[in-house]
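Presented sequentially are two complexes of subunit A, the first with subunit B as partner and the second with subunit C.
Our next item is the complex of A and B:
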């Protein structure tokens, strides 16, 4: 495949812009562009290298289903979504916050007003672009995504998650309020492509889609995710425009696996961090442009490891700096 | 034993307590519609229990019925156990009905040279100076009349025994019938006087569901009658697997007998219509799938359905009619088509013969669609084949209002993209009862053009229109309101139906793509796509391409050969050259096992989309759909 691909004039991953500054109608102090690569990740500097990857820390508005290891680590922050979000950027060093509205996933959820309030609170508490995850229940999707989208209007958040059998509500909100969206499919390149086509047909511009090929946890199928990410990047570079989108990866069940849950309390944090780290790090190598983790310690470890990967690939100032400045 | 009485015909059957109503119906001679083979999955064998006691899980199977139907005693015959004497009403829709059976066959321009011939002989009687033995005299007479060399003709003992009397009773004027058999010639009959004009042969399509017979006058090279009927084995399950399972449970000889009886029924009808004696039929050529062929010959098919899936025999076989109970002359040769594998049987070899793939250099794609599908790709130099399960959706199974191509089935459907009003045609132009395969493909194509469904087959519930609604279990689209129909319910297609249809069509397209990949060709290399079978005949070609059932090729490259099995059988009956080639054709075909082909799953997944994930493979469809989206689509 390398002979079909000329990085100088070849195919590139589309660039997706996240966040909006005051000038652009939002309130972000930083905005990011992800994607843009014309080759495989971390192959050295040059125009084909694309934009640097971003690390997101996942937080939630209802901690009942969240990992006790993380809750122990973040302490009181867990009770204050805004403060937790602010800490993610300042204390924990994440590039962005990924807020899960886990409250909407409780049976019988109907407190739609709280979504707007929390959304505004988190927007007020943060300065970087946001990823926001809504409900997973077709019955309430429409209302949930409308509320979230509306509250974040102008901020160009990355809204999640569209799936093949329930994408219309997310897409409608993204279109109406000017957000980008996460398109998730279960570890299959064809399904990923199909969803992108479906989204395209709702009228959503391709440069507002980030692919989530779904990431299996380390030891529980990560190899399939790696393989799909590599294939997606590969066919995109060969000219498949429907797959030339940046990817987001979150090995979402990392902290729920037996090895982590049953770890000796003394070393539980270390185990949790390692488990998240290896999947996230490998996902970066496979081509993910945004990786998401939940343990603050994992963010730190990724921060430490990334420079070695990026050596020569991305100018340091872009990798860590403020693009909007 | 309880007695079950079936209304309205008052058919009765005595069955042990605990037998199913379906068992009783089979004993009473009723052919119930059991698409799933009696597993309670298809919901087609609905009956109404009017009196008596049964055991039936109304909770588990309740989704097949409305509350009102349950009140009237509705249950599934295959899942209801008889407890005591019953009176059961059988609605017409639960019975297998006279189907539009295709007996149209392509008239092919090929030289007429059948394998069986008659020779009228006027022999010199023996004398003291000419003591040539009777049989030698007879065979030399045949040679003199232009027949095969006397020493090449084998005269079996039972014919030999009749020769001395016949020669003398006929005063040395006799007719000998000689058949070309593998390895030489065989004298199959000797008759007094000149019977050269009475030489008939039969071509038989032994289908899993249907049997078709063509009766030929081999003296004048013409078809004199045709007949068709259902395969009587159908009472033991509609699909092959159920039959094989029944055969394994000591049912082999029963299925053999039913196969022979089904053929005999059609042969008798044809012979009666033509006004000939069945005894004058001297050759029978049978094209059937591998399992049907095994069953007809009473060869155990049981090892075909388990790993490593081996048939007993692949070659063309011949036997005497008398040995398998066919009601023609008992020495008549019966020839069964060879097979490529368990799944590519004699019926497909017959299809290949019918469409002449092997006679041309350009590449053809042949598709035979039923519950199982078979695909052959190739030309005169090479051929690849594969087979798979398409699921019953394209034949109306596992679709709420799906039905076979029976009267009342919507066979053509259009939907106005602006008003969403459907227009349809039903078979026999009566009020609609359901939708058959061709109607379902039309629906799928029209729903996507009207932007009611997306490429995944999901109904856009954002459309505010009375025809687009949430059904009891799934979103659905109303095709006909109850007052237009033959029944009491609106005829709808549900999202679940659409999903099943897409999976069925994806299996077929995925198989085509897998073969094309294996051969290293693209859709542009395909000169012709042939559909074989009833399904192809009523199919709208444009819609078949629009939904991605077949690769996109120019419309005039898509051809229906109708019943290719009977056409192939006819050709093998009337042309000895064509028949001789059959084993070679079968040997020439490479069979690709889809389950063992890693790329198939990929091809299947990418085909689970309308029309396909790679839109560049369907440029024409893509153009049309883009236009439709501009006219009718947009965001909710």
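Our next item is the complex of A and C:
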């Protein structure tokens, strides 16, 4: 609520640009702008509809904790992070890759040099903007985020994840190397707001923050996430400038739930895809600008479903002009 | 002794002369910020002697600009010093340093300049700076002194040897200028922003040893414009340099710039985490206990002047755990002394309450109650593992520093187990408790211009806003006006925000222009106006955490109060939980309001509806709990008989029985103006 409502212009979700072309000091073929909406999602055409949502495919550098269903599906790609990332864009049709440095989440991780190498490899293998997730362990955050940030300098990646009690390294990396960041809070609108304020105090400009309100898995708390996303969008449109940021959603545990893990191998892919799809699809309806999934089949299904939501509201490209550079 | 003032004059003259004599091209490699200080101050990218003089003039003859131009001219002329000196730090390295500053792995930066006579003193200062997570830059003879004394220098040791002369101090300034431009959004040429950034964010200080030349003194003195204090243990007099004994130099520098080191691990032989908060320690598991009515005990947190608090000091007076028999009950005084520039006496009780939380964080320590009623236990298990009474002090000292880094600069804890001493101090402590009670009790709404909000519950009651005043605590009873004030000071972005009450609209309802404005905004437009002292017209919204609900009983023209602990029926025909379900969620429900127990005793209690005199019913549980204080209040109001006229469930659960009872005792509510 740090800014007054301006009835002349209407309130809008801030636009966040991801990726940088060669002209801007990066190597991306295109830049994505997310956000910009002045109304609830999928209500029709026009500039108030904002920029189109983006679908990210999540991959990782250490597959030990990754879903066996996905690993089976991607086969040898799992052993080659660069090739997996390239396939996400070309073969699987994702708008972007979300790379998890799961290696850093192993006990006693200290191979920091590998982070830079893998980061460079994935940058080289991809053309579109990137989302990158680092460590979750305060003891190594500083080193991890510095390495990642440095290796991706100039690319304006979306770097995750800042949380209320450990946001400094992510913010420092975003500031030092020119990236945007994911600010995650546990399904709580007040904490989401507070974290944005804290991040602002580090000097990070608001147009470099994407909110992750945390997405519970379908059947395991998704409804709470849905209503928090809806409320964040709603108060942002009512003039709460601290919450007027695009949102990212990933029902990260979808493939770990009992129903998916114990699914009949014959239909496991189908179950996994459905489980991810309905959460991601609903998150889009709730107002998420970036949705993330892990099964390539889910990307395809979302691609198929999106036009139906956007029917009659295709809008964004005309309204904002060509976004590829 | 070198006189600073005289050195400054001659130093400036020398710099002027050298600037006038400057020739040829000027510049650093490996930076996008030209000559960073000059660029930040003037916006001019200097590349030769002519443009250097132009920038120098544009800067109003800044000594830092002169120092930088001269240093960069030396570079361009190939005068770069080799190993071990780093000279000008390239952008890529600087970006990493800036990263570490923002992310907190470097707490601050220091410059040590000059040529110390005493190598041990210099080494001690540098070691202390390393231990305190500071990044130290070195300029001048100190580098040779340190290396000869066997101290390793280099970026990896967080001791950066900038150059062999004091003039290398200019690189300390160019680092700050670049961090401001890279991280702080300071635009080149915006000197005001640069100075503001430095004042607010540059956690930097200088320690100057003797032996600096006049122009070096001038450049180092120039750093003061960036809000960098210059401390000197020896060798200089006059000017604005601060003289400190060398043992205190680092602490003084850190204090002046508010540099604090985050403590991460608590050095005690038991785990310490909120995970252990809810445990209890049964008699069989207990090794020793303190207080709990079996021995005198109390806890007291006091604000002390900085020079009386030695940070981290823990002392046990009396027997330690090894001297105590298993199963014994022992006296205990927990004395926590804190110091901090922004600490106030008013914070004492709020911080003191945290002793309870913190001691319960210990894996094998347990604490209940407060003040002179405390009861503490230690388990056999942790005592066997070496936990002593002193460890409780270490736990407290660390936790207070960790949880209140912006408030507390130093904490020392004294634990007294000697019976005579505890008993002697108990009287003194009780006098302090009384004094505190009076201070809070005596506070009136009209004494303050600012109330506080609480939106903690917006998580589940999206449009609910509590307004907390000295006479109306939050409806949950957990947050008083002072608590909210402190919470705001501790976490300025948190859920408790200051509310300027603004112009008074209605003194009886307690409506204020500023409060209404705030509530409208914080409730996202859902609530336009709020009466702080009434329940019929625009009452405060309710989240769901209220200690009690006050509702009107139109049949008897009175107010009934029901508390959460009361599970039975009420004359309204609803239990607490049914009632709570109908009024919570952030809605304004005229005739119903969520309140704290403390508010019932306030002079502002629902004054728009005649306050306490209108209350006709409350559960006996609540009545008993409030008894002493309520009787006192009624006595003050000259209506002591009212207490017995307030019905409870033992005399009436139905509205009919209640009406009959009220008529019999002639309750004043019956004669008041109708509520509806």
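The rule we apply is simple: the second predicted complex is superposed on the first by the 308 of 325 C-alpha atoms of A that agree within 3 Å, B and C clash if a C-alpha of one lies under 4 Å from a C-alpha of the other, contacts with A are read in each partner's own complex, and residues count from 1 in each chain.
One rule holds for everything that comes next: a contact is a pair of C-beta atoms (placed from the backbone, for glycine too) under 8 Å apart; a residue touches a chain by one contact, two chains touch by 3 or more.
For clarity, every value in this text was computed on a predicted model and none was experimentally measured.
Superposition model on subunit A: subunit B and subunit C are shown in a clashing arrangement. In the superposed model, A:300 lies in contact with neither subunit B nor subunit C. Of the two partner chains, neither subunit B nor subunit C is touched by A:285.
In the superposition on chain A, A:149 makes contact with subunit C only, not with subunit B. In the superposition on chain A, no contact is made by A:71 with either subunit B or subunit C.
In the superposed model, A:164 makes contact with subunit B only, not with subunit C. Legend: residue contacts after superposition of the two complexes on their common chain; A:172 is shown touching both subunit B and subunit C. By the touch criterion defined above, A:309 reaches neither subunit B nor subunit C. When subunit B and subunit C are set side by side, the one touching more residues of subunit A is C.
Once chain A of one complex is fitted onto chain A of the other, the partner contacts of A:83 are absent, as it touches neither subunit B nor subunit C.
Superposing the two complexes on chain A places one region of subunit B into the space of subunit C, and among 113-121, 185-193 or 527-535 that region is 527-535. When both complexes are aligned on chain A by C-alpha atoms, subunit A residues 168, 171-172, 175, 188, 190-191, 194, 197-198, 201-203 touch subunit B in the first and subunit C in the second.
The part of subunit A that touches subunit C in the complex is made up of residues 1, 141-142, 145-146, 149-150, 168-169, 171-173, 175-177, 188-191, 194, 197-198, 201-203, 205, 231, 234-235, 238, 240. Residue ranges on subunit A touching subunit B, taken from their complex, read 164-165, 168, 171-172, 175, 188, 190-191, 193-194, 197-198, 201-203.
Against subunit A, in their complex, subunit C makes its touches with residues 95-96, 98-105, 182-185, 455-456, 458-459, 462, 491, 493-495, 521-522, 524-525. Those residues of subunit B lying in contact with subunit A across their complex are 454-456, 458, 460, 462, 602, 605-606, 608-609, 613-615, 629, 633-636.
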